[in-house]
Structures are given as C-alpha cells and as structure tokens.
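Okay, so subunit A shows up in both of these, paired with subunit B first and subunit C after.
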Partner chain A sequence: MKSLAGFLLAGLVLSAVAFMLGSYQTDVYRKLLLWITLALGYNFLFGIAGQVAFSHFTFYGIGAYAMVILLFQVGLPLPLAIVAGIVVCVVLALVVAIPATRLEGFYLALATLAFAQLFIVVLNEGGSVTGGPGGLANYRLPDILGVRVTGPWYTVVIVFLLLGTLAVLWRLDRSWFGRACRAVRDDPQAAQAMGINIRTTRIVAYAVTSALAGVAGMVYAFVDNTVNPPIFGLENAFLLLFMVIVGGSGRPAGAIVGAILLYLLPFFLSPLIGHHHALVFGVVMVAVVLFQPKGLIGIWDGWMTRRRAA
Partner chain B sequence: MNARGRQPGHGDKAVASTQARPLLVARGLAKQFGGLQAVADLDLDVHEGEILGVIGPNGAGKSTTFNMIAGALEPTQGTLVFDGEDLTGLPAHAMAGRGIMRTFQHNKPFASMTVRENVMVGMHRRLKGSLWRVLLAGAGVVRAEREAVRRADELVSFVGLGDWHDADVDTLSFGQGRLLEIARALAAEPRLILFDEPAAGLTPAECERLTDIIRQIARQGIAVLLIEHDMRFLMGLADRVVVLNFGRKIAQGTPAEIRADPAVVEAYLGNVGAMADA
Partner chain C sequence: MSDFLELMVGAAASGCIYALVALSYLLITRPTGVINFAVGEWAMVAAFGGFLALSRFELPYPVGMAIVLVAMASVGWITERIAVRPLLEKGAPPLAPILALLGMLVVFREIVSVSMGPDPQPVPPMFGYGRLELGLVAGSYQSFFIIGVTAVVFGAAWYFFERTLAGRSFEAVAIDRRAAALMGINLRRVTTLAFAGSAAVAALAGLMVSPNVSAHYLMGLPLAIQGFTALVIGGVGRVEGALLGGLILAVAEQVTVRYAPIPPGLAQGVPLVLLIVFLLLRPTGLLRARESRA
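This part shows the complex of A and B:
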C-alpha cells in the first residue's frame, strides 16, 4: 500500500512538472525520463542479473523502428502495432539470448556488441523499409480514440512508461526471480545447487529487460518524430553502461542517480568548457571505478550506515 | 566413542528404515575420466531418516560419487533412482528441484545477499511460479513471500545464527558460513541432503554443534548422505558407513562393523592411527 501511494505521488509530481516546461525544456525532460527508464532496465540486466550485454540500447532502437514501420509501412492500427512491436522485441531477444546466454562475461559482451553493430548495418542497408541512413521521418502519433496526444500530455505518457517499468522491475527484483538472478550472478554453481536453472534465468532476464527497452523505444518514436541510425549507435549503449556504473550497479536508485547525472552533466558543463565536457566525463568514470566501485549510491549507503552507527 | 552418546532408540530406527524401500537407489554407478576409472560399479542405498557416511582414502571416488548424485557430474554408467523416479544424468538444478540438496565443502554463499536472503534462495523450488503472478502482486504471491521470510528466519535460528538474519554474509566466520549452507539447503524442504565434508575446517566446538544439527535433520525423516575425511566425526554420527577404495565399495555396515573389517583396515594401513582414533 505504501509503495502504491509512493508510485501515485511520483506520477503526479513528475506529470505536474511536464505542464510547467517550455518546448526546449520539455524535450530535455522527456529524454531524461527515457534515459532513466532505460537505465533502470539495464541495471536489472547488468547490475542484478550480471549480464555484460551491450544490446539494451539496440532494443530501444528496435522498438522505435518497429513502431514506425508497423504503423506507417505495414499500416497496423496503434494497439495492434504496440502488441506486434513487443512480440518483435521478445522474439529478437530470444534469438540473441538463446545462443548468447551459453556464453559468459566477455563472450556475451562480444556477441551483443556484434548484434548492436549488425542492427546499425541493417538500418543503413534497409532501403525504403528503414529509410536507410536518413531513417524515417514525417510521421506523427495516430489519434487515440479521436484525441491527439501531444505536448505535456505525451510527456505524461512517458511518465507512465517510467513508472510502469520501475514497477515491473521492482516486483521482479523482490521475488523469487530477482533472487534467482542475483544468485546466478553471485555464484552460478551454488545457484544451480539451489534448484535454479541458470540458462532459463539468464534468458528470461535478458528477454524481459530487452522487451522493456523495446517498449521505451516505441514511446520514444514519437518524441523526436524521426528515427535514424546514428541515434541508436554504440556511443549511447556505452553511456547507458556508464550511467549504471556511476550510479551504483545493482541498485535502482543508483541507476536513477546515474542517469540524471550523466544525462544532465553536458548541459551544465558545455557552456563552461565546451566540448571538453567529454574529458570530465572520462575522468568521473575512471574515478568512480577506481575509488567508488559501488557507485554514487554507495557513498550514500556509507553515510546512512555511519549515521545509524553514531 | 561411546562417550559421545547415541540417541536412545536411534539405532533401532535405522534398522527399521532399512526394511522400507530406500529413498535413493544407485545401481552400478560408474564414472570414467579419460582412462581413469574414478568410480566403478557402485551400489548405494539411502533411506529416509538415515545418516549414511561415505569414507575412503584420497582419490577413492568419494567426491565423484557425491557429484554424480548432486547432478554436477553425469555418470558414465549405472542408474540413480530417487523415490521411484529415474534421475540418472539430470543436471544439478533438476536434482535440487526434486529435493536433493547439497552443501559445499568450501562454503559458497551468495556474496551480495544477507543471511536471510541466502536462505530464501534455497526456497527456489517451492516459491517459483508464474512471472505474471509476480508482476500482478496477487495476494497469494505476497503471502508466500511473507511466509518465506518467516520460515527463513526460523531456519537461521535453527542452525544457530539467530542474531545474524540481516548480516551480510562476508561478516560470518567460516563455521557460521557452514551453518548458513545447511540452513539454505534445509530451506528447500529437501528429502535428501548431501554433505560434502561438513566438518572440514571447523573447530571441535563447531563440529559438536554440527553433529547435533545433522542428527536433528535425520530425525525429521530427511535422508542424509555424508562424505567425510574426519573419521572420528563420521563414525560417531553415521548409522551406516560405506567405504570406497580406488573407486570401488570395499565394505559397508555399521560403524562398529566397519572398524572391525580387515579390508578397511588394510585400505587405511597408512592411516592406522586414524582408524584407532575413531
């Protein structure tokens, strides 16, 4: 009950903010919410299930492209396009996961990197279906029951996406499944001795988080109203990884902090030091990995423990 | 030995249970690694509520046997029948799923979790179900989770880690870690527990406590299979003992019979002291 009230309050506050912003701020705000959504999902995959996969952002792209193609090339109505888009993401996730989860650590990373690269190639070479290097543009969200959802109201849709994703991951994390994922990450052999099927656990964790990224991508498709290959490149896949690591991997609160910090950092730094902000970025990254492997949330935990001890 | 004192009637129960159908029946179990015959033609029965000890010199095939029953190794030959079901060659998680749990000689806790959470992982086979029901947070799922926490705390107290529910596992001593291994295995409500050298690395006081816990486990009707180096510990605890040497069973019987068996004394010739001690 308490957590439900918390969710409702967060939904109200985050939605209210949407109605106070100008158009530039709205764009920044929407993308921030989307980054947080992605970071939460990736935190489950990387931080909790322990899978070093670089395909999370790719599924964001697959969701976005699937949405646009299904709606405007195939001509499906919106509800059907949403369902079909999720199916596409889950099927592709299984295609990657079933062979890739046999692999561990380094090799899973390589396989998913290759998949991410392959996706960009397919986008560029996809002809009229994907729009090639220029991507797809000049479309807009179909009316929902005769209503055109735009402006702050579409931002509210993104707030729902964020909270929905958070709720799904929250439930999973606090269940036998979340414990199984952590157990497989901590010690696969012991996990197996507890009756946990390692492969199934890995595949399900990968498919569920990939599908969540795909849904986020579907929502994103109508944020910029254009999808093109550079948006879904590896740079953003790595940014996502950095967000989770800097925030504190394995902790949803860490993913949120990391996403907010790393997404907003350039906005504050580039007016001051121009393009050198990438340098600050790198330094922050190295510093965190060296001195604070538990991420920024680890610093907070340290404070709390000390306060309780005092 | 007698000073350790067996429970009154405990031996009687073991005799009675040997007449019932064994819970685990291994027949002709064999494992070959390349040219090495690690275990050959091994027959083994374990009954409910019985403590069966397996001993043997280094390289006798104890661990290989253990790992075949736990599902960590696939037998080259032979069958493993558990409660009437043929489980030969199933993977470890399938064995655990049927109530065959194990502990590890070198403790293997889940390092990122608290003591309570570790024990709750042990409940996997009973808690797992549909992910949709988890997402919808139905009353049944919420109740099961609350019950799991309560049961975990109970088990943590049972093994004697009462004040450590919320502790990170890296704050436990080695002996406490062993107790956690046992609580985690019990959480599955197992029908058979395999102990891999449970006394290794424990202080005498901890061994005493361990003996007590294992006896209580068997008294609940759970079958116990112990692989042990420490003869004194094993002989004081087991209802029956199986002796392996060079991958073959060379003797089986009560601890008293085993101590008197010339083949066993022969196998342990370099270790007469250990036999006399036990």
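This part shows the complex of A and C:
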C-alpha cells in the first residue's frame, strides 16, 4: 500500500514537471526518463541476473524500428502494432537467449556484442524497409481514440513507461525469481543444488529485460520522430553499462543515480571541455571500479550506516 | 587464377592482422583470465605513434617502429598498473578488471581524439607502395611485409611458450594460478609481462594495418571485434589457434565480398555471423587446448 502511494506520488510529480518545461527542456527531460528506464532494465539484467550483455540497447532499437515499420510500412493499427512489436522483441530475445545463455561468462558478452553490431549492419542494408543509413523519418504518432497525444501529454506517457518498468522490475526483484537470479549470479552450482533451473532463469531474465527495453524503444520512436542506425550504435550500449556501474550495480536506486548523472554530466561539462565528455566518463568508470565497486549509491549507504551508528 | 591468388595474398595479410590482435588477447587471457577489449585501442594508439614517428618526424622505418613498440609495451605496463593490479591484489571479482579495462578503452580513444583530432592521418608502409610478383602470386609490398612479420611473431611466441622457462611459467599460471604461485612463479611479473607483450603485439598490428586504413581514433573497436572473432574461431587454448582463426576469418570475409551475390555492406555481417556460429557450435574453438603433459 505504501509503495503504491509512492508510485502515485512519483507519477504525479514527474508528470507535473512535464507541464512546466519549454520545448528544448522537454526533449532533455524525455530522454532522461528514457535513459532511466533503460538503466533500470539493464540493472536487472547485468546487476541482478549477472549477465554481461551488450544487447540491451539493441532491443531498444529493435522496439523503435519494429514500431515504425509495423505502423507505417505494414500499416497495422496502433494497438496491434504495440502487441506485435512486443512479440517481435520477445521472439528475438528468445532467439538470442536460448543459445547464448549456454555460454559461460564473458562469451555471452561477445555473442551479444556481435548481435548488436549485426543489428546495425542489417539496419544499414535494409533498403526501403529500414530506410538504410538515413533511417526512417517523417511520421507521427497516430491519433489515439481521435486524440493527438503531443507535448507534455506524451511526456506523461514516458513517465508511465518509466514507472511501469520500475513496477515490473520491483515485483520481479522481490519475488522468488529475483532471488533465483541473484543466486545464479553469485554461485550457479549452489543455485542448481537448491533446485533452481539455471538456464530457464537466465533465459527469462534476458527475455523480460530485453522486452522492456523494446517497449521503451517503441515509446522512443515518437520522441524524435525519426529512427536511424547511429542512434542505436555500441556507444550507447557502453554508456548504459557505465551508468549502471557508476550508480551502483544491482540496485535500482543506483541505476537511477547513474543514469541521471551520466546523462546530465555532458550538459555541465560541454561549456568546459566541449564534446570530450566521454573522456570524463572513461575516467569516472575506471575510478569507480577501482575505488568504489558498489557505485555511488554505495557511498550513500556507507554514510547512512555511519550516521545510524553515531 | 592469378586474380584468386592475389585475393588470397590480401586475405592472408588482413588475416595476419586479425591474428596479431587475437594473439594480443591471448597473451593476457591465458595467464590472467582477463579479456581486454582495449587491445584494439592499443593498436589505434600505435597507429598514431606511427603517424608521429614516421610521417611527422620522418624517422627511418625500423627506428620509428622500434620506438613505437617500446612505447606501447610501456603503455601496456602502465595500463596493468592502473586498471588491473590494484583489483587483482584486492581480490576483486573476475569481472572487475574487465570492466576497468572497458573504461580504459574509452580513456585511450578520447585521449587520442582530443590530442590528435578526429581526422584520419596517413602512416607510410615499410617498403613504400608497390606490387610484388612472384610467379602467379602477387600482392602489395605491405601485404608481404605483414605476412613476414606475423610469421616471425608467431614463431617467436611458439618458441617462447614451448621452449623457454618464462614461457612455461605463463602456461603454468594459465593452468592453475594458485599452484603456480606455490611453485615459486612470480604471478605479478607474469601479469606485467603479459600486458606489456600484449600491447607490443597489438601495436604491431596497428602499425602495419594503418597504411591501408589510415590512423583514425575510431579504428580500435572494429579491430578488437575482428581479433576476438579470430580468437573464438581458433580457440583460446593455443597460440596457433589465433593464427588459424585470423586466416579463416579473413578468407571468409574476402571471398564473400568478392564472390557472394550479396551487397558489400551486408558482407560486413559475415564475421559477426561467423562469430555467433562458432560461439554456439564450438565455443572452445577449432584447436583444443593441449592436455597438460606430465
């Protein structure tokens, strides 16, 4: 009950913010919300289920492209396109996950990295279906029950997406499944001895988080009203990993902190160092792994513990 | 026929580059279990080293090459000191150094893009631009240079691992870290040597490939991906695997670009598909690790 009230309050506050912003700020705000959504999902996959996958951002792209192609090339109505888009994401996630989760440790990272690169190759060579290197543009969200959802109201849709993702992951994390994921991450053999099916756990964790990323991508498709290959490149897959690690992997709060920090940092750094903020990201990433393996949220935890002890 | 043979010479040369990158991974992965994606960036940094030494200061090729290799070995050593040793000594989880090295990858790339600019820079080949014909077999000077150097490097690596005490100690660490330490092998020194050697091998790849592709700050990651594809095809167990994997990858790539009826852009997907297929069907690679001998 308390958490439901918390969700409602967060939804109200985040939506209220949407109505106070200018058009540039709205764009920044929407993308911030989307990055947080992605970081939350990736936190579950990487931080809680312990899978080093570079495909999370790719599913974001698959969702976005699937939405645009199904709506405007195939001509499906919006509700059907949403369902079909989710089906596409889940099926592709299973196609990747069922063989890839057999791989031990870092080989999963290699396979998903190859998958991510392959996605870009297919986008570039997709001809009129994917629009090739230029991508697809000049479309807009169809009317929903005769209403055009634009401006702050579309930002509210993104707020719903964020909170919905958070709620799903929250439930999963606190269920037997979340504990199974942590067990498989920490000690697969012990987990197996406890009766956990390692492969099923891995596959489900991968498929659920990838589908969530795909849904976020579907929503993203109408943020810029264009989808093209460079958006979904490896750079952003790395950035997502950095967000989760810098914030504190395994903790939803850490993912949120990391996403906000690394998304907003360039805005503060660009007056100082221009476009070279990636250098700062790299240094921060190395420093966090070396000195603060629990991430920034770990500093907060330590501080709270010390306060309670005092 | 001569057309096909020339294609094969080109393929062998790029295969040798992939093989060197794969060897660079292997030198670190074998003794430490760390997969270092920054090897591609080392190659990139070396390409810019080549640009500075050979194009800007116009040093003679062997001198410039030696300077770049020594400098890169120190870069490898420094990388190990900063991003790996503190974690190994703390007993951090095995993933930690891999993540720290991913951070270093970005640091290397951005340092080069800040200091050298985003434009590609020329690096000269060893013997100038020209074409060598040996009967039916023909190719550019640089292709033959790459093949020759790679043969020497792999010969030396084979000799080092199979015939020298230091090389055997690498092997011992790869088989059982704890037991090796108990036998008096200095783990720290093996790790340092592995990183320095790996960076020097990656540097060689970057230096030799850059006359064809120019030194560019984004050249690292594609090399890193091709390198580990070669490694996965050949198998991480043995040095020869890296060479075999690199050659298979390059031949598959060139043959599809040339003969397969698909658009050239799609042919870029061939190594990725090959990587996925090998990971799924034969994750140990073509050559299995040799059984530990008595």
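Note that the second predicted complex is superposed on the first by the 309 of 310 C-alpha atoms of A that agree within 3 Å, B and C clash if a C-alpha of one lies under 4 Å from a C-alpha of the other, contacts with A are read in each partner's own complex, and residues count from 1 in each chain.
The definition used in the following text is that a residue touches a chain if its C-beta (ideal position, glycine included) is under 8 Å from a C-beta of that chain, and two chains touch if they have at least 3 such contacts.
This is a predicted model, so every value here is computed, not measured.
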item	value
Side-by-side fit of subunit B and subunit C on subunit A, or clash	fit
Contacts of A:217 with subunit B and subunit C, given as first, second, both or neither	neither
Vertex subunit A angle, Cα centres of subunit C and subunit B, expressed to the nearest 10 degrees	80
Subunit B versus subunit C as contact partner of A:279, first or second or both or neither	second
First, second, both or neither for A:121, with subunit B first and subunit C second	second
Touched partner set for A:234, first subunit B, second subunit C, both or neither	second
First (subunit B), second (subunit C), both or neither touched by A:194	first
Which of subunit B and subunit C A:176 touches, first, second, both or neither	first
Larger contact residue set on subunit A - subunit B or subunit C	C
First, second, both or neither for A:106, with subunit B first and subunit C second	second
Minimum Cα separation, subunit C to subunit B, after superposition on A (Å)	12
Overlap of subunit C and subunit B interfaces on subunit A (superposed complexes)	none
Subunit A partner contacts - residues on subunit B that touch it in the complex	70, 72, 91-93, 96-97, 101-102, 104, 108-113, 117, 120-125, 127-129, 131, 134-135, 137, 141, 145, 184, 188
Footprint of subunit B on subunit A - complex, ascending	168, 171-172, 174-177, 179-180, 182-183, 185-187, 189-198, 204, 208, 250
Subunit C-facing residues of subunit A, complex	52, 99-100, 102-107, 109-111, 113-115, 117-118, 121-122, 124-125, 234, 238, 241-242, 245, 276, 278-279, 281-286, 289-290, 293
Residue ranges of subunit C in contact with subunit A within the complex	35, 82-83, 86-87, 92, 94-96, 98-100, 102-107, 109-111, 113-114, 221, 225, 228-229, 232, 263, 265-266, 268-269, 272-273, 275-276, 279-280, 283
